[in-house]
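Below are two complexes that have chain A in common, paired first with chain B and then with chain C.
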Partner chain A sequence: MSLTEHLTAAFLAFENKFSAEHNEKVNEIRSNAFTHFEKMGFPSKKDEEWKYTSLKSLLKHDFKVFPKVQNTTEFKEVKKYFLHEIDTYKIVFIDGVYSSFLSETTHDGFDICLLSAALAKPKYKMVIDHYFNKIAKKEDSITSLNTAFSKEGAYINIPKNTVVPKPVQILHFTTGTVSEVLTQPRNLIVVGENAHVQIVERHQSLTDNVVLTNSVTEIFANKRSIIDYYKIQNDLKSASIIDNTYIKQAQQSVASVNTFSFGGNLTRNNLEFYHEGEYITSNLNGITIIKDKQLVDNHTLVNHKFPNCESHELYKGIYFDASTGVFNGKVIVEKEAQKTNAFQQNDSILIDDKASVNSKPQLEIFADDVKCSHGCTIGQLDEDALFYMRSRGIPKKEAKALLLYAFANDALEKIKIPELKTRITKIISNKLDVNLGFDI
Partner chain B sequence: MLKIKNLHANINDKEILKGIDLDIKAGEVHAIMGPNGSGKSTLASVIAGKEEYEVTKGNVILNGEDLDDMAPDERAHKGIFLSFQYPVEIPGVSVTNFIKTAINETRKANKQEEISAKDLLKKIREKAELLEIDRKFLSRSLNEGFSGGEKKRNEIFQMAMLEPKLAILDETDSGLDIDALKIVANGVNKLKNKDNAIIVITHYQRLLDYIIPDYVHVLHQGKIVKSGGKELALELEEKGYDWLK
Partner chain C sequence: MSKYTEDDLKKELETKEYEYGFYTDIESDKFPIGLNEEVVRAISKKKNEPEWMTEWRLESFRIWQSMTEPDWANVTYQKPDFQNISYYAAPKKKPELESLDQVDPELLKTFDKLGISIDEQKRLSGVAVDIVMDSVSVATTFKKTLEEKGIIFCPISEAIQKHPELVKKYIGSVVPQTDNFYAALNSAVFSDGSFCYIPKGVKCPMELSTYFRINEGGTGQFERTLVIADKGSYVSYLEGCTAPQRDENQLHAAVVELIALDDAEIKYSTVQNWFPGDKNGKGGVFNFVTKRGLCETNAKISWTQVETGSAITWKYPSCVLKGDNSIGEFFSVAVTNNHQQADTGTKMVHLGKNTKSTIISKGISAGKSQNSYRGLVQIHARADNARNFSQCDSLLMGNDCGAHTFPYIEAKNKTAKIEHEATTSKIGEDQLFYCNQRGIDMDKAIALIVNGFSKEVLNKLPMEFAVEAQKLLEISLEGSVG
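Presenting the complex of A and B:
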């Protein structure tokens, strides 16, 4: 059986199990989504949006969609993947199944819990009907595939005027109990008026079985709300991810997404911001450090539709060995979106001869009174800077690491959780294979 | 301390240094002057071991040891320090952390223990005072957003912290106003002792009013065309370089 046939069979079985208490609308959404996926199939390199990233070899695997899991993972085995230095809410999944043992959810003042619960219980019906699958791109086949199988993930609903006092961690672990797993988490995040929440998301494979994650996250940032979202992608070489994140922002909201891509086999991020009001700020930051034959592809979109909004985009990449980077940054400024400030910068350093980067800024500006800029640099390490440090007694390896660290620094400065910043810095010094003897 | 014998060096197959001889003893200050493009900065870079330059003939010997095959960091560990004309900005790494790394890497190479936090702080306080550096300055990112004068002062501060045997000051006076120049020169003079040596590379005589050289050498087209005492600098100031060509 081909993967598509396999998925069809799995979907039919899943569809049969839609129970009576499930929301009929959601079932319809799933069925429509699967029909769309069947029609479109997986994207190939012929699609403009997938020109530089091929899923071909990945799709040869016979992925299990809903693996039977023995959930025996203990906290001490996975502790290091948690931001355990500080108190947080935690929503943890193992092979796509919720682990109550590792989680810490709440309904006290706000909901930080499971999508499966929100889909099943009548009291969430209004929110689900209002938000579920409202911003996820229906014409996208990969997103449709996720929608068809959407069943589990994080459900976060923060009512208005609420500041969530501690960060929320969303962790997805995959174990070795079943080989070749396809997990499709679905997150729904609603941030009410004047509310504020910080979220850290991580996908982590615990063995070297082949894993493909196709994740969809919908975020609704209501008036004057603030959301800070951090994605840690530092997975094993057997793990690949397609991360689709869609954000809809209402007036005066500030949404920031920081993507740290340090590992995995293939990492594709589709990150899209849609504006529905004035005086909105969207921040997109990314640091990529990869080696061997790893690939990280950041596809972003900021759709400026209303006047007086701003977007700030900064992606930095360091590529070792024969690794590949893709950056496709689309900024649309519609006719009505006067006084838009849109800035985009993508800087890459290629360390080795076989590393490559495809960087494509795409600005479509239909308004005439706007400030938009984009910049793109691809270079190598600055030899003069290296010599400077070496002349002070710092050996080549350490000097290189310091320079690379300095290069990534402005994107690192955007992290607002100090413990997370320390953690990311440590991951970076591990990636650069140095111990600098101080917390940079 | 430093012996340079018939040194020839190329960059991209173009010969820049065409036979330089220099003998510098401990406790001495040598000034190297010359017009733009005469090879002054190249000489500094070659002594410090910049890899883009190829030494085609001759040698550089520090305390009896040929530096030929040594990397820049190894030369630094042996006690060579180059103060840059254009110091590099390193965002995200504070002055203190950079110096700490430099000191400890040098100590490690010389099989010494790492400097203790207490000793490091004490030394920083002492040397910062010497160069009239505000303590706040030390927690800023290295050279990032520093004025020209601050960068140069920071170079001499690093020199003070690293205590090199041979310090080469490449155009340290450029970008300094007269007050900053006095502070920097005063710092250098206090760091000078009978066991170390200093090479001052400068285009103008101005700096040499404050750092008095024992010898002055004039470099022209990759060769030392004249050497003399400190009065040679004054003569150059008066007559320019043309009379030497």
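Presenting the complex of A and C:
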């Protein structure tokens, strides 16, 4: 049975189960989405957006959509994946199922809880009707697949004038002891006027079995709100992820998404920003350091629709062994979006012979009074700088690592949670296989 | 060329409607419309071509039939009906020419209007002109001088007769019949074009140039150009285009192949000024061109283009850097106004070691036009120490136009060094104000700024072309900022 057939069967079973739920609208959204997915199928390399990334080898696995869950994961087993140095809210899922034991949610002043609860309970109906599946790209087949199976994930709703005192962690663990697993988490995040929230998201596989995560996150940033979103992708080689994040911003809001891709078999990030007001700032940062035959594909879109907005995009990549990096950054400046400042930069370093990079920074501009630029470089470490350091007694490996660290530092500096910065620095020095000799 | 002054510009601006839009009344030998194997055979027969050429055309035709028109480019247009085009038109009177006196006086008038008086060029500028008037070359000058050096510069139909071994060896070697829809079509039905061969170690003493004209209404123009620079030779080749004003869309699907053997250098410059359609976007030429060059060891190919015309431009002059240490260059200015659409750029394919490429692309869009840069820089696994520098700048005038960049950068070698930069901006109000208060009027100020913006590219053009190109830029943009 092919994966698509398998999914159809699973969807029928799922449909029977969820038809009992109240929210008719959501049911309708799901069945429409699945019809669309059936029509489109999985994207192939002929698809311009998937030109450099093939899902073929991944899709031949026989994924279980609803694995049997044994919630026996102990905190000490997974502690290292938490940002445990500081107090945080936690929403933890194991194989797509909420783990109340590991989580710390709240309804006190703001909602940090589960999407399944929000979908089912009448008191959230208004919010769900207003926001759910409003910006997730309906034409995208992978997103539609997630929408069809959307059931569980994080639900975060921060009301007006609220600053969430501590960061929120969203963690997804996959145990998949028996078989290959496909999980499809769905997050809905609504940040009210003048509100502020920091979110750290991480997906972690605990098994050698093949895992595919197809995640969709919808973020609504209302007037003057601030949202900082961090994605840590440092998974096992058997795990792959397709992450779709859609952000809609109202006037004067500031949204930043930082993507740290350090591992996993295939990592595909679709990150899209839509502007709905003036004086908006969007920040996109990314660091990619990968080895072996790993692939990281960053697809971004910033759609400038209104005047006086800004976007800053910076992606850095370091590629070892036979790894592949893909960057496709699209900036659209529509006719009305005068006085837009849009900057985009993608820098890559190829370390080994078989590593490769495909970059496509794309600008589509329809307004004349704008400042837009993009830059793209691919290069190597500066031999002179290496020689200088070695002549000063720094071993080659360390010298290289220092230069690479400095290269990535531009994007690293944007992290606003100090503990997270330390954590990322540690992961980087680990990846570079050195002790950088300083704690930051 | 005489000096070009402000007054000259003023005069030109008054009559700025497409100035080369006139129609020469020469009786044409025209085929019935439509395309099938018979027509392909007939074209070949008309040209008195050998068997292998006919077969090659037929093969291309069969390939073309199996292909579909590409639609990935960022342009929208009414697709031409390929069965509604006449595939061959040649001026009926084809005299054997020794001197200009024998040229049809009607033709001479046409050339005068275009500002390429042959005798003047013969005497003054030392440019040999192979004039292509509606697909068949009617006058070739300076042939003798070139012959002495062993340089072959003639219509491709003549080359097929006289130098079949060269044509057979190289035609389709850089742009194969299977390359794309329009290249296949061209291979099947190409009417004529230029052929140029520079022997080993020869430096071509003058700039070779061809003026293309689309003349007969409803005639597709399918030019085929083949330039071969043998080991250690050098040639600078100029191509300029003007077309008469027409209401129906005219299709132009040319193929240009350049072959630079070891240590050779080819410089190919184009000024393209096909009829762009009127202010409402009516009419205009569709320009779907495949241009590609192949560089062997230590060879260099340099493309320079100034694009001001055509309703639709679809053109990517490319370099395949096959040999070690070879160099590819691309310098382009593309101007679009009114309803013009341009999707142009280059491909640099690095195969050899120590290969270098430079891309400088300047796009200027005004009116309701769309201007896209689409480029590919590809570094293959064996291309050690490859180096690329790309820069594409766009200038927007007014709020109804668009500027787009679609660069593809693919690196498969760790020693590759690639830089890509793109910026978009408009003409600063303060810049205009500064010019105005110094007594320079709006149009002249814009011309000044645009010329400054494109200077990097214009500087690469040969003298005569640079002046012409500058004029074209000014005329195309007149009145675009109010």
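In this text, the second predicted complex is superposed on the first by the 435 of 440 C-alpha atoms of A that agree within 3 Å, B and C clash if a C-alpha of one lies under 4 Å from a C-alpha of the other, contacts with A are read in each partner's own complex, and residues count from 1 in each chain.
Please note the rule applied: contacts are C-beta pairs under 8 Å (C-beta built on N, C-alpha and C of every residue); 3 or more make two chains touch, one makes a residue touch a chain.
None of the values given here were measured: they were computed from a predicted structure.
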{"item": "Simultaneous placement of chain C and chain B on chain A, clash or fit", "value": "fit"}
{"item": "Which of chain B and chain C A:E180 touches, first, second, both or neither", "value": "neither"}
{"item": "Which superposed partner A:S356 touches (first chain B, second chain C, both, neither)", "value": "second"}
{"item": "Which of chain B and chain C A:L412 touches, first, second, both or neither", "value": "first"}
{"item": "If touched residues of chain A are counted for chain B and for chain C, the larger one", "value": "C"}
{"item": "Partner chain(s) touched by A:E398 [first = chain B, second = chain C, both, neither]", "value": "first"}
{"item": "Touched partner set for A:E193, first chain B, second chain C, both or neither", "value": "neither"}
{"item": "Partner chain(s) touched by A:F387 [first = chain B, second = chain C, both, neither]", "value": "first"}
{"item": "Overlay on shared chain A, then closest C-alpha pair between chain B and chain C (Å)", "value": "13"}
{"item": "Residues of chain A at both interfaces, chain B in one complex, chain C in the other", "value": "none"}
{"item": "Residues of chain C touching chain A in the complex", "value": "72, 381, 394, 396-426"}
{"item": "Chain A residues within the chain C interface of the complex", "value": "48, 335, 338, 348, 350-380"}
{"item": "Residues on chain A engaged by chain B in the complex (per definition of touch)", "value": "382-385, 387-396, 398-399, 402-403, 405-406, 409-410, 412-413, 436-438, 440"}
{"item": "Sites on chain B touched by chain A in the complex", "value": "45, 48-52, 71-73, 75-77, 80-82, 84, 86-88, 90-93, 97-98, 100-106, 109, 114, 158, 162"}
